[in-house]
Amino acid sequence: MIYGSGAVLASPYTLGGVQSGPACCLPDPHLRIENLSVAYGSTTVLDGVSLNLYRGCITALIGPSGCGKTSFLSTLNRLTDLVPEARVSGRIWMDTIDVLDPGLEVQGLRRRIGMIFQKPNPFPLSIYRNLELPLREHGVRGGEVRFRKIEAALRDVGLWNEVHDRLDNPAMALSGGQQQRLCIARALVLEPEILLMDEPCSALDPMSSDVVEKLILRLRGRYTVVIVTHNLAQARRIANYAAFFWMKERVGKLVEFGRCQPLFETPVSPLTAAYVSGAAG
Amino acid sequence: MSRWRIDRLLSLLLATLAGGAALILLLVLAFLVREAWPVLSGIGWVRLVTDDGWYPLENRFGLLPMLWATLAAGVAATVLAATIGLASAIFARFFAPPSVARLYRPMLALLAGIPSVVYGLWGLTVLVPLIARWQPPGASLLAAILILALMILPTVALTSLSALNAVPGSLMRGAAALGLTRRGVVLGVAVPAARAGILGGFLLAAARALGETMAVLMVAGNVVQNPTGLFAPVRVLTANIALEMAYATGAHRAGLFASGLLLTLVVVVLAGLTARLVSNTAHV
Amino acid sequence: MSRALQDRLFTGAIWCCAALVIVAFLWLLGDLAWKGVAHLSWSFLTDEPGNAGRSGGIGPILVSTALILGVASVVAIPLGLGAAIWLAEYTRRGSRLGQGVRLSLDVLAGVPSIVFGLFGNAFFSVFLGLGFSILAGGLTLACMILPVFIRTSEVGLTAVDNDWRMGSAALGMSRSTAVGHILLPAAAPEIAAGLMLGIGRATAETAALIFTSGYVDRMPESLLDSGRALAVHIYDLSMNVGGGDSAAYASAMVLIAWIVVINAAAHTLGAHWASRSISA
């Protein structure tokens, strides 16, 4: 395999340092969710959720298990289409696009919205192929072009120095933390606008979890990040906004949404207060 | 062409292939009926049962003697193979020392792969003369039963072994902790827990025994008559087809196809029963 | 009868049965080797049969067998894989169509081999006019190995980690890419094993071939020529040729060796593929 000769990059990360992107306190919603409900068969898991996901900000979805946070995430990139019994109602607007429109070209949507899963799921292929396959699939022509994008993505997640000399090795041979970073690189290589992360650190050991968390921080400003997390401390560390979900009569509902610090320190709802102080959930 | 259009075309192509595979059964049944039609409609399928014997050149198409022979050989062989096969599986799982156990399974797999002609060859040259020494002519129902049992035994043993291996160890440890002896654990806990798989294996073997042609053909003597005893030569339905297809024409040929249809019906019903039984006994 | 005595009898019975099986195994294979080894030689594998097979070799017969298996594989692989992929990836769980296809295949799997011989004769040899030919025999065998091949391939594909399906969907990849680049390679060991199993069974087949590919023991010149498979040769030697027993035994040894090699190939292929995709 002939690799192109890339220019020597000054810093190991193309995304720059932590929190170096544009500020995101401007109320510019990237995704507007209106009255979203999700049901699987006859069981409703989520009801009447409305919130905005602001451009370039990190929004944490917090709340106990089973409140529909993962289902919420899955509606944003239409992954619910894969579940035959899933019924989604409500509206989701990504800028001017109606995400839930049945006639929407879903593959294009999923190029703009990337997803990271709780359990790292690199394909049983080489590291290089893991990143090349989505690029080829979306019509990126030219080996040189693809190689540059792959190198950039691997540098972004901090894997380049670790794997640049063994790109043809199986991805499954990497450690858990490296695999998850590879999955993030795989999502980044398509240059999405929005990243959905479903508890990306929960299956990792503390050290890898720390590395991934710092990576997520670096994404702020360039990407709109929505992250489901059970780790309240993590949410406080990285999120700009937080959305608190809770089960009411066995249906997941959005209880409170707002800027992260205020929600944790002076929540409006007593439920939120109980949860973030550890008294409930 | 966009990838998504390829997807749509591929989905169509694959569905067509799957449909084609599914239609093979219909094709088989259609042609069997087509070839058997002269007998089924013309001579009437009732005659297949009521005629006194299979003498097609004299226009007698009674299948019953051969059907009895098929059932006698098949059932007896299944019972024999089931007992010894299950015992082998129990041996391999519970009694064999590790060194033996490691070799026992590959041995069974090898036996299961031996072609039926080879079993027939061995039966013809070794078993039949042996039986003949005891009670001529040797080529007999007994030979058919023994060879069939030997043939289906490895499969029974392997399926029973898989079923026994699937029983959770905790179940048996619990039984042992209650003071049950090895016999008690095996007969009281393990075998009942695995009974769905074991039973399925038995019925699968029975279906195979009923449908087996070559080995039985080579050792059973092939005389069309009701089985009068273990040492009488008999002809089974499958062997009949194999022997007479070469020169059968007209109604005779149609009669052979009709017997093939009957055999398929019996085997398919058995397979259906197996599926029903296995799913019903599946809950421990 | 005391408990201890019952236990002792049970153990004894189990050991007896096991010993019976081992004795039968050794007797059978031992006999085979004893009676066949004298007739085996390199020329046996390559020469034409002479004197109705009592002398000479099985060269043309090996060629015919290989051709019949080849035809069966070439037909069964695309048809079988396509059907398996459709069942595993393109049907919903519990779909009527999927259930129907599976039921049809399960019933087909139970049809006795002689009945396949009848069908092959009526359809391939007579209706399609292929006569007694390697092509007719191969096509009949393809019908026989399809049900099991499709089922084992389907199981292999369904067993592939669903995380990869979700991951590829989230990346906006089409299903054909996911199947071709990720799922099929991951299931390749199971699929190869299922194919080898089918070919092993096909190699042992006699009843289905007698009336489709025929008896001719000369070297075949085309797929439309009649050809004698090895199993059919053994049958002919033992039943129709007086004094053909030792040739039959030698042929049987070759046949068993062939099947053992196929099964071993399936195992090693499977293990090799499995290890390559996972570990470093």
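In this document, chain identifiers A, B and C correspond to the written order of the chains, with residue numbering beginning at 1 in each.
Criterion: contacts are C-beta pairs under 8 Å (C-beta built on N, C-alpha and C of every residue); 3 or more make two chains touch, one makes a residue touch a chain.
The shown structure was predicted, so the numbers you read here are calculated from the model rather than taken from an experiment.
Peer 1: For this structure, I'd like the pair of chains sharing the most C-beta contacts.
Peer 2: Greatest count of contact pairs is found between chains B-C.
Peer 1: Relative to the centroid of every protein C-alpha atom displayed, which chain's own C-alpha centroid is closest?
Peer 2: Centroid comparison flags C as closest.
Peer 1: Averaging over Cα atoms per chain, report the distance between chain A and chain B in Å.
Peer 2: Computed value for the inter-centroid distance: 56 Å.
Peer 1: On a C-alpha centroid basis, what's the spacing between chain B and chain C, in Å?
Peer 2: Here chain B and chain C have centroids separated by 17 Å.
Peer 1: For chain A versus chain C, what separation do you get between their C-alpha means, in angstrom?
Peer 2: The computed centroid separation for chain A versus chain C comes out at 49 Å.
Peer 1: Which positions in chain A touch two or more other chains at once?
Peer 2: 107, 137
Peer 1: Quick check on chain C: which residues sit in contact with 2+ other chains?
Peer 2: Expected reply: 174, 177.
Peer 1: Please list all residues of chain B that touch 2 or more other chains.
Peer 2: 3-4, in rising order.
Peer 1: What residues of chain B sit close enough to touch chain C in their complex?
Peer 2: It is residues 3-4, 6-7, 10-11, 13-28, 31-32, 34-35, 83-84, 87-88, 90-92, 94-96, 104, 107-111, 113-122, 124-126, 150, 153, 157, 181-183, 186-187, 207, 210-214, 217-218, 238, 241-242, 245-246, 256-257, 260, 263-264, 267-268, 270-271, 275 of chain B that touch chain C.
Peer 1: Which chain C residues qualify as touching chain A in the complex?
Peer 2: Where chain C meets chain A, its residues are 92-93, 161, 163-174, 177, 181-182, 185-186, 276-280.
Peer 1: Any idea which chain A residues touch chain C in the complex?
Peer 2: Of all residues in chain A, those touching chain C are 77, 79, 82, 84, 106-111, 114-115, 117, 119, 121, 123-125, 133-134, 137-138, 169-170, 172-173, 183, 186-187, 190.
Peer 1: For chain C, which residues are in contact with chain B within the complex?
Peer 2: 3, 6-7, 10-11, 13-15, 17-18, 20-22, 24-25, 27-28, 31-32, 35, 78-80, 82-83, 85-87, 90, 100-101, 104-108, 110-119, 121-123, 127, 143, 146, 150, 174-177, 200, 203-207, 210-211, 231, 234-235, 238-239, 245, 248-249, 252, 255-256, 259-260, 263
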